[in-house]
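Each chain carries a letter (A, B, C and D) given by its place in the written order, and its residues are counted from 1.
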């Protein structure tokens, strides 16, 4: 289970006065990649939420290797580390237009009921994708 | 009806590579000021939302006079332009630690039902504050 | 002088608890559109900045007509209101995938020297595009 | 070396449609805490940057235990894990107004020359604080 986004342009507002992308944006890039990957599998996260299933991030790791600059274009590669259990574990690699390794990361996501914010099992719609 | 926030420190992540605060943040500063002002009047916007009342911004104007820099501390002054009607009209002035005029703005807010996202009247809890 | 962006997907992190896109993001969408438009004309804003020319926003107006939701895809149309002078005046229209009018706005941009943050004339590289 | 921020109010724009604070904001909260801590020691990061020293984040870990909601007020505790070397290693704990543990994290920061973006040693102004 491996997926790469289309090229994404760095937005001006994502830079800070260090003159490159602020590190908090990479968590947003990871999120875009995993939602786009779900979407490519025919799973709409928007409709999952409407049915009361939330997928919050419960932990994250990031290693920043090289900066992204305004004007750069990057790809996020996302990979499901293992079949879904009580959590989903993703790995990410961000690469710029020169094939430089920019950032690597991992996130663990849980499943929550929107109603009472308590943990629930991985929904069948996701499970069946990975069997 | 006039209210000023406590001094607020510019956050590093609010700057962009132009080396000062990105202009989109001023709409967030205005929002902080009007919610803090409501709170000072004993109105919790969080509980208004729980009761199904949303207050989206329907229009905004901003004039940027001087930049805010990382390390600066500013105050937002907010003023209700007229008694609440179908909408709330606010004016804002942002001033830095040297008393420089940084930004002026206005926003118009409407009242929406959270359930069906349709316009509703100004809730009594707000109306009674201004009579 | 009229330009439309490619379709842009709403990002999850751009929503707030009102369940649609936070209004401050529209200033970022406008910015993306005008930089993408410059880029389409062969002008790299990144290189303009390297040569010491900044283009800060000096005023902005926004009218929010309908919300954008996570999962929506929108286009930003940007139009230069008049030939460049001491400032650049842009108009914007945002339309979603159902052709709903989402937001209209205007921004005025100035030209600043990066060195001393003082106003400068419209650079020739821009002027010559509009004659 | 241990420092706690003043209470910080959750901003409305920091929430997403999951109805609590988007996880990317915690990296900004960590940043605010370590810059505020430096400031409490008499070190202005703004002036360090003017002298050409950047302190980018090179890696980060976060564990999210409980959500922060709009209306919540939290404190960030920051701790330098060991004396400064080629990098600075920080630990963070975020606690809400009910003393709930919200988030724990770590970041490693490097020192870069602003001019050529290459690694430099820990500046003396920081070193001398920890001897």
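The rule we apply is simple: a contact is a pair of C-beta atoms (placed from the backbone, for glycine too) under 8 Å apart; a residue touches a chain by one contact, two chains touch by 3 or more.
These figures come from a predicted structure and were not determined experimentally.
Annotation: A-C is the more contact-rich of the chain pairs C-D and A-C, by number of C-beta pairs in contact. Chain centres here are C-alpha means, and the one lying farthest from chain C is D. Chain A and chain C have Cα centroids separated by 27 Å.
With centres taken as mean Cα positions, chain D sits 32 Å from chain C. Taken residue by residue, chain A touches two or more other chains at 12-13, 17-18, 20, 24, 28, 31, 70, whereas all remaining positions touch fewer.
For chain C in complex with chain A, the residues that touch the partner chain are 9, 11-13, 28, 31-32, 35-36, 44-46, 69-71. Chain contact summary for the complex, chain B toward chain C: residues 17-18, 20, 23-25, 27-28, 31, 49, 54, 56-64, 67, 117.
Across the complex, chain A meets chain B through its residues 12-13, 15-20, 22, 24, 70.
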